[in-house]
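Okay, so subunit A shows up in both of these, paired with subunit B first and subunit C after.
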Partner chain A sequence: MSGQFIFFMLFSVTAIGGAIMMLNMERIMYMIASAAVTFLSLAGIYVLLHAEFLAFVQILIYAGAITILMIFGIVLTKHEEKREEPKRRFYHISLFAGVVGLFAVFYYVINQSAFPAVTREIAQDQTKEIGLLIYSQYVIPFELVSILLTIALIGAIIIAKREGK
Partner chain B sequence: MDNMIEQLSIGSVSLVTLATAALLLIVLVFVTYGIYFERKVIGWIQLRQGPNRTGPFGLLQTVADVFKLLIKEDTIPNNADKTVFKLGPIISFIPAFVVLAVIPYTENLYFANLNVGLLYYVALSGISTIGILMGGWASNNKYALLGGMRSVAQMISYEIPLVISMVGVILMTGSLNMIQIVEGQAGGFWSWNIFPQIVAFGIFIIAAVAELNRTPFDLPEAESELIAGYHVEYSGFRFAFYMLSEYVYIYAIAGLTTVLFLGGWHAPFAFLSFIPGLIWFIIKFCSIVFFLFWIRATMPRLRVDHLMGLGWKVLLPLSLVNIFVTAIVLELLK
Partner chain C sequence: MLNSYLLLSASLFCIGLYGALSKKNAVIVLLSIELMLNAANVNIIAFSKYGINPSLTGHVFSLFSMTVAAAEVAVGIAILIMLYRNRGISDVTKMDVLKK
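This part shows the complex of A and B:
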């Protein structure tokens, strides 16, 4: 058993565990904290896959996103609200059936498909490689996404300004 | 990093553990005497003596303070969210310590040689904010919550100019690797990044002080308005952990400034290079730490609305312009 395997198990358990916790928690702070666990575990898995750049960008983006989400959670929700779930028996049974069906489909597809083992050299300077690819082969999608993000940013500013009046 | 993952044998794990323990010890000594030094310097600037009672020249003052903190009763407010309250200081401290791994002290003395070292630092240091906000929220106290909110607002808005000001340095070196960044600054003080990147250096220092939550940007713990901000309900060793992570960040920022802008372990003149690189690193490191204390003793606190204005309307555009100018100049010189 290699160290890589141990860490893979650890990160996948925490990633899935965080996701399940997020769905089951009652208070919004706990939910967001569990989501943070999932995001950070995914970053760990990226490190195991030798994608260090992606891993740390993931942490950089999501650490900020999580804190902002926490602020919104505190500001925009009621602090002491308790919510009773209505008991819906049929709903739960159909949910269970759906989950089992989905698992069966996934299991079948994964079993059926062959994954050809491709061996590739791991690039020494990944950041440089990513930069070269983004600015040569994928420059048009990259520019389109940046225009979209700029439009979203300007839109947010305009909406905020209108409300300020 | 590849080797690190694949050779997780018992030997290498224990070696890493030993090195980490050594670093922790160094950091704790730095924090102990950093606090002593800070109180002395601020005392002298304000024409006071500073601590001089406990031990010779007051050298044991911080030791006594820390001891007092550790034996204090550990209080948790009744209506606090106990789990989150306990998690807060831990989440805030761990990233502060973990980021130290990528700072190279000399060409041979470093802990991790990461290709994306700078990104690692920036990414992980952002996690601390979550710990501060969790602590502020879990205390169930208006002042603590306000302090936590301010801290998040400040750290998010100043992280952006901090990171963007580093891009100028990255452009000059062409690498995110801290060791290569230092090696790019070899040969006399005129090739240090501080001179071609003086604008970036200014932005970096201002944003760094804001990230550290220190005066003039100590709004999250403004005593006169918020009592003590996010850690008002904390006492004993949990409070000590918040304080510790703040001082460990001073260590980290001083190390980072030395590496990025002051040429790391390189001597300012070629004829002075008989002095070992570690000594040069320590000298530069200590002057940054002194500079931080000096600012704290000199500046009044900023007003909260001015703070946001400064971050978004001055520092951010300035750092963006710096990137463009650096890129254009580098392209012309090529």
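This part shows the complex of A and C:
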């Protein structure tokens, strides 16, 4: 229990620290690197939650594919390196107050609610169990998601290709 | 233990929300939205282990939401590249015209 708590603290501190660094970095490449740190720490959190398959999927998709895609997006669109002066000061202050208020509401609700302590363990060989679930009980959502991925692939190609030439 | 995971997820969600609403670069806005989706995934997986009925259903739902997030990022980056090519902007506060 103690080791689990230590690793939970480590991963959550790096996750939140990466997210905050993402908002505060000067250069956009560093922002994306901080987001990758957050995604990797969340993969560690998933391992702590006994979701090893999802941890690998998280590393593959988020820390691999999505981060690289964001870097491509940065490279293909020019951006200003220097930071502009914040013009909408009232907007930022009220936004910060609103977000802090939302977090206070979350904190209050989470601390108020009493969750039952369940000690039942879920399956050990998860990859097999997840595969069985996907292909038996959730086969229709799985096929719908595959159609969605195909449509997104075709749509991204059609949107991003050069027109006319 | 469940409370700690929920608090981690809530703080990640709030940071992502602040980033999505305050940043100007469109790629960073997309990245913040990904952060919010990740916070939701942490919630789902924490409940699938410590919830009232532990099962693998949460893992399957989390897989589906990751897939939708990947599709969303692909289409979003394509739209950003097309906007940059046609109008030369990558600033979300200047994206205010649907058709020119």
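Please note the rule applied: the second predicted complex is superposed on the first by the 131 of 165 C-alpha atoms of A that agree within 3 Å, B and C clash if a C-alpha of one lies under 4 Å from a C-alpha of the other, contacts with A are read in each partner's own complex, and residues count from 1 in each chain.
FYI, contacts are C-beta pairs under 8 Å (C-beta built on N, C-alpha and C of every residue); 3 or more make two chains touch, one makes a residue touch a chain.
The shown structure was predicted, so the numbers you read here are calculated from the model rather than taken from an experiment.
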Pick one for A:116: touches subunit B only (first), subunit C only (second), both, or neither.
second
For A:3, is the partner it touches subunit B (first), subunit C (second), both, or none of the two (neither)?
first
Taking the superposition on A as described, I'd like to know which of subunit B and subunit C A:50 touches: first, second, both or neither.
both
Report for A:66: first if it touches subunit B alone, second if subunit C alone, otherwise both or neither.
both
Regarding the shared-chain residue A:152, is it in contact with subunit B (first), subunit C (second), both, or neither?
second
Touching partner for A:131 - first (subunit B), second (subunit C), both, neither:
neither
Quick one: classify A:76 as touching subunit B (first), subunit C (second), both or neither.
second
Comparing the two partners subunit B and subunit C, which touches a greater set of residues in subunit A
C
Which residues would you name on subunit A as touching subunit B in one complex and subunit C in the other?
50, 53, 57, 66, 70, 74, 122, 126
Write out the stretch or stretches of subunit A touching subunit B in their complex.
2-4, 6-7, 27, 29-30, 33, 36, 40, 47-48, 50, 52-53, 56-57, 59-60, 63-64, 66-68, 70-71, 74, 122, 124-127
Touching residues (chain side subunit B, partner subunit A) in the complex:
1-2, 5-9, 81, 84, 87, 114-116, 119-120, 122-124, 126-127, 129-130, 133-134, 137-138, 145, 149, 152, 155-156, 159, 175-176
In the complex, the residues of subunit C that touch subunit A are 1-8, 10-19, 21-28, 30-32, 34-35, 38, 41-42, 45-46, 48-57, 59-60, 62-64, 66-75, 77-82, 84-85, 90
Would you mind writing out the residues of subunit A in touch with subunit C in their complex?
8, 12, 15-16, 19-20, 22-23, 28, 31-32, 35, 38-39, 42, 45-46, 49-51, 53-54, 57-58, 61-62, 65-66, 69-70, 72-74, 76-79, 84, 92, 95-96, 99-100, 102-103, 106-107, 110-111, 115-116, 118, 120-123, 126, 129-130, 133-134, 138, 141, 145, 148-149, 152-153, 155-157, 159-160, 162
